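Below: a set of structures, written as structure tokens.
Look for chain A in each of the two complexes below; its partner is chain B in the first and chain C in the second.
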Partner chain A sequence: MVDLIKRAKELIESSAVKVVIGYENGTGNRTRALFVEKTEDADKLIFDSRCIQNLAAYVTKREVKDKGKMAIAATLPVMRSIIQLASEFQVNDNNLLVLGITPESKLIEFENLVEVETFVHQYQIEIDARNKEMLDRLDNMTKAERWKFWIDELAPCFKCYACRAACPMCYCHRCTVDFNQPQWIPVPSHELGNLEWHIMRAIHLTGRCIDCDACYNACPLYIPINLLTKKMMLDAREHFGGYQPALKGEHLMSTYKPDDKENFIQ
Partner chain B sequence: MAEFEPKIVAFVCNWCTYAGADLTGTSRIKYASNVRIVRFPCTGRIDYMLLLKAFDEGADGIIVSGCHPNDCHYTSGNFHARRRWIMFRSLCDFTGIDTERIKFSWVSAAEGAKWADIVNATVASVRELGPYSEYKKVAKYPEREVSHG
Partner chain C sequence: MSKIGVFVCHCGENISATVDCAKVAETVGNYDGVAFSVDYTYMCSDPGQNLIKSAIKEKGLTGVVVASCSPRMHEPTFRKACAEAGLNPFMCEMANLREHCSWVHDKGEATTEKAIDLVRILVEKVKYNHSLNDIKVPVTKTALVIGGGIAGIQASLDIANTGHKVILIEKDPSIGGHMSQLSETFPTLDCSQCILTPRMVEVAQHPNITLYTYAELESLEGFIGNFKAKIRKKSKSLDEKLCTGCGLCTTKCPVKKIPSEFNEGLGKRTAIYVPFPQAIPNKPVIDRINCTYYIKGKCKVCEIVCPTKAIRFDQEDEIVEAEVGAIVISTGFTVKQPDFFPEYGYGKYPDVITGLQFERLASASGPTLGEIRRPSDGKVPEKIVFLACAGSRDPAKGIPYCSKICCMYIAKHAMLYQHKVHGGKSYVFYMDIRAGGKMYEEFVRRAIEDDGVNYVRGRVSRIYEKNGKLIVSGADTLLNAMPVEIEADMVVLATAGVANEGAEELAQKLHISYDPYKFFAEAHPKLKPVETNTAGIFLAGACQAPRDIPESVAMASGAAVKVAGLFSQDELTREPIIAVVNRQAAPVYSSCVGCFLCVSACPYQAIEKEEIKNRNGEVIKSMAKVNPGLCQGCGTCVAFCRTKSIDIQGYTHEQMYTEVMALLNEY
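On to the complex of A and B.
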């Protein structure tokens, strides 16, 4: 992407930012994150359909944050993540510049996060047909079938936490799964711990997940863990109204309405 | 084989349901003794992980209960809890955890009789469902001493 390389060079040269986060060619026809700190490195920047990693996962990392102001090549899901992170006070206009890449692969630079938000809100978060079909299939199963489905799907998980590392919303310095007093989640690769870990992950992402599928893409075993967060997103929509990440306003799970509707409390 | 006695764990808030359960006792209302009550400062403190842990440790059913809406000692703890339960319940349902074994209720400090009814109804329905063997089968690791108090 010529525009991106040119802009990255300008930004680094003028010291407007200290690091530009983008994609470069990795091994085996994969792409990986590139941190441009010198102008000559900017030539390695690429952008194509293989660039699906959510780079927003890096903007909360101390190693990157400590370098100074960051610029990030952001696709639509990345921009959504950034808005959510900003609403959680993890990034702000002073430490992040967004170089947006539109769904038409055009580069737009945003002055501030408010502009990013306006841009992001033009697009609804939609679940693609394949996943929708999968969710419908699960909904039509009996409870016992669903239980078997998840126990079987999660069985091979060996808790490498690639899903956590890839997720921009999993930025806690100490995750519940790392606690050992008490040990909330058993460490070994075992059905119980696997189930609890993925339930915990889905709950912690409820109302925050922007459905970028980074967790699923990062999973070395292709476990469809993104179905859990997708389901949570759909249910949150159903119960509490649609949500879009927004700079201002309440977070879905840290707020309430006195007339929240349910049908199971006696 | 001896008749199956369900093991029920109740997570209750200090200000309403715990006091309500106290009232059940002082009113000398008899109710099923299968329930183990765990007292919390507020329903807002009842973490969903605790519910999962109760199943881990061999519970067959769970009761979660607190103050009625608008009656929370801390103003909004039960409202927050309600949102959390709505989402947690739907996630449990999606992963195939038996939501019929988790009963949510509002029991105030004056509702001693209601508490007895809730416990009796839960024990009866869990007795019908039988032991939660699906979860117990999965929870068998790591093997450990479980105190049967």
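On to the complex of A and C.
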């Protein structure tokens, strides 16, 4: 990614941004996030097919945000996350510059988030064949089978909260599980505690999740928790209209409408 | 340590017949924190209340649970009793042993057990109650009345006469509404305009009323006592201050063939027009859609002839902002047009008209100067048929309700016809004659017995044209459904009264509810007929359901009293059961992350953005803030908040959690 390195250097040198967030080689064959604050660090920047971590998770972190204006090397899912974050007032043009990486691995620098939004809207959020097959399998199960599937799948979860840390939408300083007066969601990772955590996570992400799979990729136990959010995304699309994250979009699950089809709300 | 008093009410036998009240009191008396527990026949009675008051004083109670009826009935009673004894009223809770237990279960141990559970929940909750104080909000003592028909006129005058300011807005160029179109009124047959126009003039002259005609509500923000309305004054293309209302322009305007709205399309008007001679204000407006100047860019005849040079072609819509404390909606109704009825020819026969059109034909100010002449060729109809329930009471047409006014106005129409066309024959097809009202039944009998109107009980299946006559074919159900065919010269359909077009959008602008027929919904069908579910917004007249004139006027006066009552105080007192966003010490300030998803979720627009700034004026945190004047305490935001940063006062997370745990015996 010669373009990216060059642009990052320029941005840092001119003080246009204080930090550029990108990928670098990590241990083994893995990549990890790189925070370029000095021009010489920019040479470590890489981009290839291994770079699937959703870097948007960092733009809401105080440690990064407090450095000053950020630039981010953003793939399509990252850009979607950024648009959703902007619609939730977490980032804006003043604190974030998007260095977009197209699906064809080309670098485009966007003037502002409106341009990012326009770019993102050219692509529909698609679910790949393997996940689709899994969702179909779940749909075809009886309630009892599905219940058993999830009890079994979630049983090994020990609540490391890696899914939460990897998710760009889990930016709350105080998560529902951290709320302990009263402790609505039990902390222990027993059956009930695990179920409640994962159900709560899926519900809080409905209408906000952009299906980047960061949660699944982060899970050390390969629990397919992304199926929960995917299914919720599809259901939300079906019942409340298809969505793409939008800067001035209506929040799919939390917008009061006097003409709601449920008449109790009128 | 809490000292809670529990007061179990028998409600006569309402509760004690199925619940062992003494056992409830005894069991609950043993719970931690319960300092006093007693049962009594009627807690709401004076001795019952005194029991509570003396226990608060003598035992030094810190919380009270009254186990009796629904809090909807007696919560204010018991809270007041607590306050009188020196306990904060919000330290008093009610367990509903009547509606939630004794009335819905049989006598038995399980019923008593449930009663104990219900009380225990509240005992645990009350331990987490905090003293709360009522919220005071100021009141702007100006009312906004939307719609200048008879209901709006009456409401405006009544409010204005109590000494308060009123802004009356009307979307048409003149006030008067449907009543100004009517010829005579039932059941007295007095002239509609004769009784209406003095009221219209009174509105125009009243020092407390500001009248905006040709104006519509653009938007509404705020809450009871403190609304901010934006009113769009549509351009009249006229300087109203200069215009003297001489009417020269309307006589010279070359575009003369526009169907007149006032005459229900039976007469014509010009492009610059005053809807009717007694219009208030009697100043013309230019209908820009039909005016030659706005279509072709030239003409300006009105400008040339105007002696005061009052025409303003380049005038733009004006937005007026007004602060008001209360709103009366009196936007009225409309009637279904003949094209809604395929069986009656989809409106293709010009002599099949609506009741409102007949009013114009019978009116002395109408297109025929009060002579009943049919629209097609101007002949006086020798045979006329009136159809009641055209659309109304017909679930297949989506209008299952009764339009209420038709039975009476049909009798009036038939009478007027018989009075004007001597020797004419009139027929009324009806389902039932609904003439409930003072002198109403007598009026209908007069039509049948004195004026010889032929009432046929049955429905009309079809109307078609044959040899220049309208063949009305129906059945007489009083003669064993014998087919009836009448060769009529004219047919009047009493088409259903329906909600105005745009009623739904207006309701959404005002955040009030409406029924499936788009009529605005009252807060309670019996006890709150003029209130809406939104505090400070009231209803008058046919925007709520089809209404006749006496009812509309009565409703308008009722709404006016509600407004006057609201304006009688300088401040409103509201219950403090509202949402609050938590605040914490710096540098956290609040657990709110400022995603503002609650803003769009709030049905009352009660949540706004609050910015916390440092000493240099830099924003260091954005967070949600609930406006206590707007919040209705519905709790929607609480459910949506992922960080659990919002609590409803009196129903906090802690209180709700405690209640659930008490129920699960895990307290």
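To be clear about the criterion, the second predicted complex is superposed on the first by the 255 of 266 C-alpha atoms of A that agree within 3 Å, B and C clash if a C-alpha of one lies under 4 Å from a C-alpha of the other, contacts with A are read in each partner's own complex, and residues count from 1 in each chain.
Just so we're on the same page, a residue touches a chain if its C-beta (ideal position, glycine included) is under 8 Å from a C-beta of that chain, and two chains touch if they have at least 3 such contacts.
Please read all numbers here as calculations on a predicted model, not as lab measurements.
Asker: Taking the superposition on A as described, I'd like to know which of chain B and chain C A:184 touches: first, second, both or neither.
Answerer: In the superposition, A:184 contacts both chain B and chain C.
Asker: Applying the touch criterion given at the start, work out whether A:176 contacts chain B, chain C, both or neither, answering first, second, both or neither.
Answerer: both
Asker: Which partner does A:40 contact after superposing on A: first (chain B), second (chain C), both, neither?
Answerer: Neither: A:40 stays clear of chain B and chain C.
Asker: Please name the chain, chain B or chain C, that touches the greater number of residues in chain A.
Answerer: B
Asker: First (chain B), second (chain C), both or neither: which does A:251 touch?
Answerer: second
Asker: Touching A:136 in the superposition: chain B (first), chain C (second), both, neither?
Answerer: Touch status of A:136: no partner.
Asker: Quick one: classify A:66 as touching chain B (first), chain C (second), both or neither.
Answerer: neither
Asker: Identify the partner contact of A:104: answer first if only chain B is touched, second if only chain C is, both if each is, neither if none is.
Answerer: neither
Asker: Return first, second, both or neither, reflecting whether A:90 touches chain B, chain C, both chains, or no partner chain.
Answerer: Second partner only, chain C.
Asker: For chain A, which residues belong to both interfaces, chain B and chain C?
Answerer: Residues 176, 184, 254-256, 258, 265-266 of chain A touch both chain B and chain C.
Asker: Per the contact definition, I'd like the list of chain A residues that touch chain B in the complex.
Answerer: Touching chain B: residues 138, 143-151, 176, 184, 186, 188, 190-192, 195-196, 198-200, 202-203, 206-207, 228, 231-232, 235-236, 239-240, 252-258, 260, 262, 264-266 of chain A.
Asker: Show me the residue ranges of chain B that touch chain A in the complex, using the header's touch definition.
Answerer: Contacts found on chain B: 48-49, 52-53, 56, 69-70, 76, 79-80, 82-99, 103-106, 118, 134, 138-142.
Asker: Which residues of chain A touch chain C in their complex?
Answerer: That would be residues 88-90, 171-176, 179, 181-182, 184, 204, 250-251, 254-256, 258-259, 263, 265-266 of chain A.
Asker: If you look only at chain C, which of its residues touch chain A in the complex?
Answerer: 504, 507-508, 511, 513-514, 516, 588, 591, 593-598, 600-603, 622, 636, 640, 642-645, 653-654, 657-658
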